[in-house]
Amino acid sequence: MVDLFALIGVWTAAFLTLMVLSFLYKENPFYRLTEYVFVGLSSGYTFAATLRLFVNQALSPIFAGQLEFFVPLILGLLFYAQFTKRYSILYRVPLSLAIGYGLGITIWSVLQAYFLRQIRATMLPLFTGDILTTIGNLVIVIGTILTISYFILHREQKGVYGRFTKAGKYFVLATLGAVFGTTVLGRMALIIQRIQFLLGDAAFPWRALRIGTADEGRFVPIALLAFLIVFGFYMYRKRDVKPEKSTKT
Amino acid sequence: MKTLTSKEKRKMTKAEIILQIIIFSLGFFYAIVYYVRLPVPVLGTGNLQSAADQLFTYLTAILTGAFAIGIINLTRAHANNVKNRRPIWKYSVILLASMYFMAVASIIASPFSLDPQSTVIPKGVYAVFFSIWQFLYYNVLVSINATLFSLLAFFIASAAYRAFKARSLETSILLAAGLLVIIGQAPISNLIWPGFGTIRDWIMAFPNTAGQRGILIGAALGILAFSVRRLIRYPWGR
Amino acid sequence: MRKMDIASDPRLTYVLLILVIAVPILTHAVLPVPVTDTTRAVYDFIENLPPSSLVVVSFDYSTSTVPELQPQATIVAQHLFLRPLKILFVAQWIDGPALTDAVLEAIDRGNKIYGTDYATLGYIPNTATLIGMTADIQSFFPVDTLGNPTQNLPIIKQFPATRQAALVITFVAGEPGLSAYLQYWESRLNIPVAAGSVAALAPGFMPFYNSQQIIGILISIRAAAEYEFLEHAQYSQVPIGLSGATSAMVAQSTSHMLIVLMVVVGNVAYFVRRRGKERSK
Amino acid sequence: MYYRGAAVIEGSQAKAGVATSSDGIHWTKTAVLTMPAGSSGWDAYSRQVDALNIGGVMRSDNTYIMSYASIKSRNSPAQIGLASSSDGISWTPYPDNPVVTYGTSGGWDSGSGGVGAGNFAGSMILAARNQYYVYYAAQDPSGTFTIGVATLPLSIYPISQTTSTTSSSTVTSTVTSTVSTTSETSIIQQTTTTTTPVPQPFVLGSILPSLMIGRISQATLLVITLGGIFAVTRFASKRKLKTRGIPGIERLDNWIRQAGELGRPVFFTPGTGTIQTPDTLAALALLDHVASRCAQNGVRLIVANADFNVHQVTADIVKNAYKKAGREDLYTQDTVQYISVRQFAYAAGVMGLLRREKPALNVFVGDFQAEALEIAEAGRADAIAQFGGTSNVDQLPFFMATCDQTLVGEELFTAEGYLTDDPQTISKLVGPDAGKVIAILLIAAGAILVTLGNQVLTTLLRL
């Protein structure tokens, strides 16, 4: 059975999706409205989350009797000194605590995870029994060295050394090609799911997105039509009488 | 010519020296304790086995104190828009309204509700607000945000035809590698020739790994130098 | 009226893209998806986890990348619930807890009991919490997302600290995400890490797969379809449409082929026009 | 060759895994050690909660013998026990465990270091001169660590005479908290002399467990790398180092000249970064250069911003540039425009500007996210040239594919150094080169050594 509330929910979702997609035709107030509503809702939700954390982490230990948590509470409230004129420097006290511990743990973890571990993992045997792994290892060891050499900045990239860094640039380009290729996979996935939703396709993961259930989904195309009518009418009424300036030149 | 961006070496003010002492001492403490991993005897009564972990609980308590900074900044910015009737003031009103409405609804009934077991709030009110929050979150917020991001797929499609030209040897390498990866990851290519998939996996596993690792090592060195320099003197800037 | 050809007005390409995607969806076409090793590595690791191992699942993405990562999260969570494991749900992004609830509702949780077999701890606000929870969960998560004090939860009694985790899997769309677990859990405590990543970040994570810092990578919606195929093969009660990824594979293929076609055609037109200009000079 | 050994995870890790490896370098974790849930005995708590603190594992004939530490209840002191197993995965505890109890004499071994689940009671067992020796770490009240040793008769786990004699020859003075496979033990043996185990406490300093060797090697490598970086930085800031120059800068200048001849404007945008982002600072340096060139050639410049602070800085830069060239007339109200802080609104605004103004040259350098593609594609349609640059790898492909000239990653910062030719900026850039050279040398040396079969460098870095 179709639940009326869920149906309204699904229709609203469809209507909003189309309001955003209308940007493809032309930048218009429908689209701008969704932007502002999005920023409003996500900021409101973020505030609720950070408030709940403040209650759990800073207040409840005090209520539970650990009175030494008054100190962190006061230091935390110093953040709001930035809104005062005279004491605005004080907000840097809690900020420097965050900066300090951040720098401390970053130094070793970045050294181990991104420098040491990567160098050790590139120490691969250049000649192994199996031909495929040998080629693979050669590409990784030589490729990594050449890519690093490409980013060495203090020497002119000319002559023999220039040939090395040029080869390094080709590895960087192959990498950027891979990034370009996989980014297409990601972007297509985004639009495919939106079109699945707009067509009310049963294969759309309705419950995993908690929008409603498949049987309300069947009625989404009706919202599609409703929006086209409203949008078409709005565009017709709003079309510029005088031809656009740019077509003249 | 001295440009705006190069900062002359001005002397640190007294306040900055104190702040730098805080940053350096906390940073040095964590660098040592965190690396050497010797269990330093416990300060508080908690069952944590090292002072560093115990200190983390206090640090977290301090950092969560800044919970309202975001909402204050947004409110000030958009309240100004409304006050002096900027052209977009109507949108600012909508933004503020939706922000505060969502904040109230989420505080009452959402994964971040302040009273999840509805001890104070009666069950009925909680259920109503929960369905309001659910509608605002899953039907409105997710729909808008996911669609906003999906616009990018269209721009890739139009850029593919109008902008991605093999103008030079460099862009040709990039486009060749890109196209091979695109073909390789489309399941249909496996029916034409399974080799496409292996080519794509090979590009991802070897040349890409080499290039990414080179960039990663370069970035890691940048972060190391950047962090150590800030331990000694943090540029407070503006 | 301006000449509506494809070069000057991108809107024709938009319509083409919509058509190329809508047709396979309406015809419900299905395609077999070959499984890549980075996906199989994650599946095998979870399948071989010894009974009652602790798995930490971290939701590190927002509503904008739901289409890429929600299918992955759903199908992997279903796999974790099919095995005798203890699961803790956390999140480094604020949208995490809400997306976790949606996943938990979508999957079949079998006879698993909240508090004993799994629990949702909620949002990790900073690195201090992320490191601290490896030593003691209760100090950093006094209550779970439902408001129960964590010291009463049997799963927290059994695993007082996440350093005892047999695996942490992060569904990541950016920072903070995989880098935090790599730096503070894997390199310091040798806790195995798996990454479910948006496609744009996957190439950047390959060096970590090569250096075995992560045991595998699930790359965007295609990995969700592969994982669903593996899971359905072994646990037939898992429906094929659960993640919604398999049905998107045909549209995935047609849209990819359209992009390839347009780049090729675009370049051919470019070179023809350039040769024409050179000859006219 | 199939190596089989218990690569035990560091003492404090309650979970002990067995890893197998075919080449001694790459370990795959195959299974987690299991032990039947004990009765209410001395290690009830840890056995039930798997907080098994594995010490060392030795092998005699075909049985494995392990020493492990565990606790009776949540915060009680640790004690050491033994267990044996045939396959190394499922273990049966020694009937009258514990063999070593802490916290009795109040002296040097009064505590095990740490308390409760996180205790550090490291331990190991080996057979020598027909006796079992159990070494364990202990901490006295003042916090200094010492190694204690307990001896047990061979009868508790009878092993044939041959293995006991051969293992006696392998007695080493290094207490390895990780028992490594034969190939690795042989390496560590060469570096340390063998001393007869004398059952009195050793002070930690005198024995360097392998973990400590690892720590020291990593610490020295960090000191060398940082030392190199800051030495080069100091050296560079003294001598005016000419960096490798930027290919695009000359082309940029003549594109601006062409824009002047065509009488069309130049467009510039520094992206969505804040004033502290390195990319945005580099973009501002480039803007300084572009604005002064435009002023000299009498070209109209349009700048679009997403961040309000950046907007104010760009306005100052452009105004100064035009004033210096005496062309204030070109600087109008809408030369520098603030569009919007939100990603897609900013992109839409920029695309509108590009379509209306039809600039001859688009320069978009700085911190860009997904909106970069929209701008690059809209600009490509009308402009004669596009000049892009960012250090964000996810967006670089779209820059490369649509721009005539792109500053890739750190080239953006070199451009900043080159343009401002301020020794401070250049030296900060050139410093990390020292680390890059170290990385290249290490990788090359390591790869060659590994090819020749010598694992010393990889083992050193692994500890």
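Letters are used for the chains, namely A, B, C and D, taken in the order the chains are written, and counting of residues starts over at 1 for each.
Here is the rule we use: a residue touches a chain if its C-beta (ideal position, glycine included) is under 8 Å from a C-beta of that chain, and two chains touch if they have at least 3 such contacts.
The structure displayed is predicted, hence computed values, not measured ones.
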Chain labels contacting chain B and also chain C: A, D
Interface with the most contact pairs, given as the two chains involved: A-B
Inter-chain centre distance, chain B versus chain D - centres from mean C-alpha coordinates, in Å: 19
Approximate Å spacing (C-alpha centroids) for the pair chain A, chain B: 7
Chain centre separation in whole Å, for chain D relative to chain A (CA means): 23
Chain A-chain C separation of Cα centroids, rounded to whole Å: 13
Of all residues in chain C, the ones touching two or more other chains: 10, 14, 17, 63, 65-67, 101-102, 123, 125-126, 128, 131, 135, 140, 143, 160, 188, 200, 202-204, 207, 210, 212, 219, 222, 252, 255-256, 259
Multi-partner residues of chain D (at least 2 other chains): 12, 118, 225, 344, 377, 381, 393-394, 397-398, 400-401, 409-410, 435-436, 439
Numbers and ranges of chain A residues touching at least 2 other chains: 23-24, 32, 35, 39, 42, 45-46, 49-50, 53, 56-57, 61, 98, 101-102, 105-108, 110-112, 114-115, 118-122, 140-141, 144-145, 148, 151, 169, 172-173, 175-180, 182-185, 187-188, 190-191, 193-194, 209-210
Topology of the chain contact graph, where touching chains are joined (line, ring, star, complete, other): complete
Residue ranges of chain B in contact with chain A within the complex: 15, 19-20, 22-31, 34-35, 44-45, 55-72, 74, 91-92, 94-107, 110, 112-114, 131, 134-154, 156, 170, 173-182, 184-185, 200, 203-221, 223-224, 227-228, 230-231, 234, 236
Touching residues (chain side chain D, partner chain B) in the complex: 12, 74-75, 113-116, 118-120, 143, 215, 219, 225-226, 229-230, 233, 275-276, 281, 284-285, 288, 309, 313, 316-317, 344, 370, 373-374, 376-377, 380-381, 393, 397-398, 400-402, 404, 409-410, 416, 420, 422, 424-425, 428, 431-432, 435-436, 439
In the complex with chain C, residue positions of chain D that touch it: 9-10, 12-15, 26, 29-32, 34, 49-51, 117-118, 377, 381, 393-394
List of chain C residues in touch with chain B within their complex: 6-7, 10, 13-14, 16-17, 31-34, 36-37, 62-67, 97-98, 100-102, 120, 122-123, 125-126, 128-129, 131-132, 135-136, 139-140, 143, 145-148, 160, 188, 202-204, 206-207, 209-210, 219, 222, 225, 249-250, 252-260, 262-267, 270
Chain D-facing residues of chain C, complex: 8, 10, 48, 50, 52-53, 135, 157-161, 163-164, 166, 189-190, 192, 200-201, 204, 212
